[in-house]
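In structure tokens below, several structures.
The same chain A turns up in both complexes below, where it pairs with chain B and then with chain C.
For the complex of A and B:
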């Protein structure tokens, strides 16, 4: 177990800069998630941490020791790969014990430790099988076993759940989190899935195009996103962005977004009379009551999930299309839609017009249209 | 999901074909028939040019036939050919030469092939050219290549003797093709030269199918280059190595043109394999029955070797 300091890490491939000046302090026992769309540099950062790639500049300190120039084997880390990297010709027992064997641990001790790890992961009865005879979830456990058996200072995990089906992913997510809490090893976990990041991390490092966008707890990222990218990436369905003009009346500062009166923070006073981008989460919208100011919309699509419904709608001229960020970052679509997530709607929403208002306690996030940074 | 605004697009109706003789071969009920129909020409061809001659050869081997004429079936069935075969010292010599060649050529080819594949699997400038150069001997027709080798190996004017003399390895020119051991070495050398590119190409394909993560995981686990080769590269290559081994063994066993052009089986039978001996019996001495018996024995040995190797190497396939 150890703390990690990443200092001004840069990585260039020719003229392409994969990682820009990344710095991060990880506390002992912390669970850190690097998240971002593909090509954001998260896997590169992890590989540099593992020693599989050399850093162009910058340094990495694990447990007080500068490991920047050390070979992977000398960093006392264990890594879990997306495709598990289990050797097909070795049994589960040999796979888990591989690292110990390579380090010349004696056979008796390898066996003891392999069995202890297998017990912890409930795969004791699979030890004599080969990876081919295992299900995806079992392979995942074996890969974890190979990591924990060495009792390293740091776990590095590179999208370990992305090859599993949705249901198993939820289960393994919880198991990995519980395992990490139990053994308390500092862990760095890479994923493109914001749900994984939100549910597992102590702190999230959200990246885009090699640049760290924001570092913070899941709640901090959700409630106080630093810019439009973070706001759009964290949360599902993604945040809606509308153009609004900052105005002041006797009830205070507000943004007028197509008939919707959005109360805004006092910091936006400098934008008085100007247009800003207002971020509203889908769950902040609700059916408007009475004659309160509201958005008059015509749903283009209603997705009902039983207790909730996603109402898709468009506000041409008003809405701001952003890059769709999931595993892959796409260019903004001209015909992107806005979504309201409505609970317990009751009567089915028909094709007619509906009126959407802001929930009483909902917050509105404001962004500068030029820099896309949060106004706060 | 209720789509509220998009109208349904109009699509053209699916065209239906009445198929062959009114049978739609694409329908699930008739899909098998289509398969057999497509296989038929190949099956007929194999029956005509492979199975029939083979049966004919087995038949001939049980008759005392000199020239193969249409009347060979008139004579009685006899085991004479086989008796003569198993008591002939030439036959046992050919078996010995074939076995020796098999072991030496196969093992050297596999080693050289593996080495070359590992080499051109590395990242370096000019890798594409290197890969092409390695494949080159395989692409040259056997007879053309062997005639070139004849010049290289020539006792008086050959470049090989010249080089060895210049380097001081030998004091006098070696008569490569007229002495037993040099002749055998020359045949081995040419066969390895001709045979290793194929193995290299197979192994290179195998190497490229090993996921990079295996090596990364091993590096994190503390395995050095040698351990990574022993624990990952070799085991992951086993299926490819097995197939290459079977194909190479069969190739060495049945190859005819290299030896025939290079030494013709000589000197004094030092390079006379079963294939060469069969050819000589059939087309130099016109002892068709005897040659057929040789062919049948060769066939059985080949079948046994490949069955054994396939069984052995298939264990390595996980």
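For the complex of A and C:
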């Protein structure tokens, strides 16, 4: 177990900069998730940490030792790959014990440790099989076994669940989290799936185009996103963005977004009379009661999930098309569609016009339209 | 899915016809080797020799140096294949894994060299062998065959290495291997079917050669390979076709045996190299 310091890490491939000045301090035993869309540099960062790619500039310190120039074998790390990377010519037992064998551990001890790891992962009965005779979930467990058996200082995991079906993914997600908590090894986990990031991480590092956008706990990222990208990426369905004009009346500062009165923080006072971007989470919207100010909308699609319904709608002239939408795989209909997540709707919604208002305790996130940074 | 009767009949008939076309020359080689020279041109031909002449094979071993020729062929084929495989494994692996601006051009250059006909290479190779003092030595043939095997073997192996995910050697490196260790402990064992198929290809190419052997070894009877030796059976006025066929059958045996042993790898190797 060890802490990790990543200092001003840069990676260039010719003229393309894959990683911009990344810095991060990881505490001993922490579970960190790198998340972001494809091509954001998260896997590159992980490979540099593993020593499989060289950093262009910057340094990596693991457990107080500068490992930037060290070969992967000398970093005392273990890695789980997206496609598991099990050695097809070796049995499960040999796969798990390979790293120990390479380090000259004696045979008896290798066997004991392999069997202990296999027991922990419930794969003891598979030890004499070859990888091709295993299911996806079993291969995943073998890959984890290969990582834990060495008792390394750091675990690195590169999208280890993305090849599993949905049900197994949820199960393995919980198992990996429990395993990490039990053995307490510092872990860096890469995924493009924000649900995985939110459910597993102590802290999330959210990246875009090689630049770290925000580092924080899942709650902090969800409740206090630093910019529109983070706001749009974290949360499913994604946050809605509307244009609103900052105004003040006798009840205080608010943004007027298409007739909806959105109470805003006092920090937005400097934008008085100007247009800002208001971020509203789909679950912050509800059917408007009485004659309170509301958005009059005609649903373009209603997805009923039993206890809740996703109401898709458009607000011409009001909604904001963001780059985030295109990069967010959970954005159901791409740019330009807004979503309300309504609970206990009761009557069917399709067809006519409905009125949507803001829930009483809901928060509105404000962003500068030019910089896309949060106003707070 | 159950096949209908007529489908089965059609399938088996096709297989039998295909086998007959492929195997008839071998069968005819056996029949010819067992007939006396006088009845070779008999009409109608004898599909089963009425009086098999087994002594042709005894003559082959007593009157000719067939065993030495076969030993020479084996030495040349095994050594040339071995040298070629070492070069081709390293070249194919680096072409597959270390992509640089020049690697594509180098790869194409290697492939292009294979497109040159052997008759074009033979004159410069002749000059090189003579200046190295290797004329008449088995080494001349070994090096000449290696120049022919390496380009194709490199490309075949590059294909096999391409089909092995990079993550395997990355995992091996994280597990404690050096890049060389990852190649020898993980990649080569995984590529075993490809190595077997490529080696067999190299072996057959070398074993079947006549042109290079005729050019470099003709003046030294001690170094003759089996194909060169068999060619000497052809006389100016008369040829013992039964002896030629008996020797040819013997010459084909090592290849047939190698195929029998390696066919499991060959089929596996072909599919392993075909797709991801």
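The rule is short, and it goes like this: the second predicted complex is superposed on the first by the 363 of 376 C-alpha atoms of A that agree within 3 Å, B and C clash if a C-alpha of one lies under 4 Å from a C-alpha of the other, contacts with A are read in each partner's own complex, and residues count from 1 in each chain.
Just so it is clear, contacts are C-beta pairs under 8 Å (C-beta built on N, C-alpha and C of every residue); 3 or more make two chains touch, one makes a residue touch a chain.
Computed from a predicted model, the values in this text were never measured in an experiment.
*Asks:* With the two structures overlaid on chain A, would chain B and chain C clash, or do they fit side by side?
*Replies:* Clash: chain B and chain C overlap once superposed on chain A.
*Asks:* Taking the superposition as given, does A:102 touch the first partner, chain B, the second, chain C, both, or neither?
*Replies:* both
*Asks:* Would you sort A:83 into first (chain B), second (chain C), both or neither based on which partner it touches?
*Replies:* Touch partners of A:83: chain B and chain C.
*Asks:* Have a look at where A:52 lands relative to chain B and chain C in the superposition and call it first, second, both or neither.
*Replies:* A:52 contacts both chain B and chain C.
*Asks:* Per the contact definition in the header, classify A:367: touching chain B only (first), chain C only (second), both, or neither.
*Replies:* A:367 sits against neither chain B nor chain C.
*Asks:* In the overlay, answer first, second, both or neither for which of chain B and chain C A:302 touches.
*Replies:* It touches chain B, and chain C stays clear.
*Asks:* Counting residues of chain A touched by each partner, does chain B or chain C come out ahead?
*Replies:* B
*Asks:* Go through the superposed model and pick first if A:132 touches only chain B, second if only chain C, both, or neither.
*Replies:* first
*Asks:* Share the list of chain A residues that count as touching for chain B in one structure and for chain C in the other.
*Replies:* 50-52, 71-73, 77-79, 81-83, 85, 87-89, 98-99, 102-103, 146, 150
*Asks:* Under the definition above, what is the set of chain A residues touching chain C in their complex?
*Replies:* My answer: residues 47, 50-52, 71-73, 77-79, 81-83, 85, 87-89, 98-99, 102-103, 146, 150.
*Asks:* Can you name the residues of chain B that touch chain A in the complex?
*Replies:* Residue list for chain B touching chain A: 1-5, 211, 213-214, 216-223, 227, 231-232, 235-236, 238, 316, 318.
*Asks:* Considering only the defined contacts, which chain C positions touch chain A in the complex?
*Replies:* Answer in residue numbers: 165, 167-168, 170-178, 181, 186, 189-190, 192.
*Asks:* Taking the touch rule as given, give the residues of chain A at its contact with chain B in the complex, in rising order.
*Replies:* Residues of chain A touching chain B: 50-52, 71-73, 77-79, 81-83, 85, 87-90, 98-99, 102-103, 130, 132, 146, 150, 298-304, 351.
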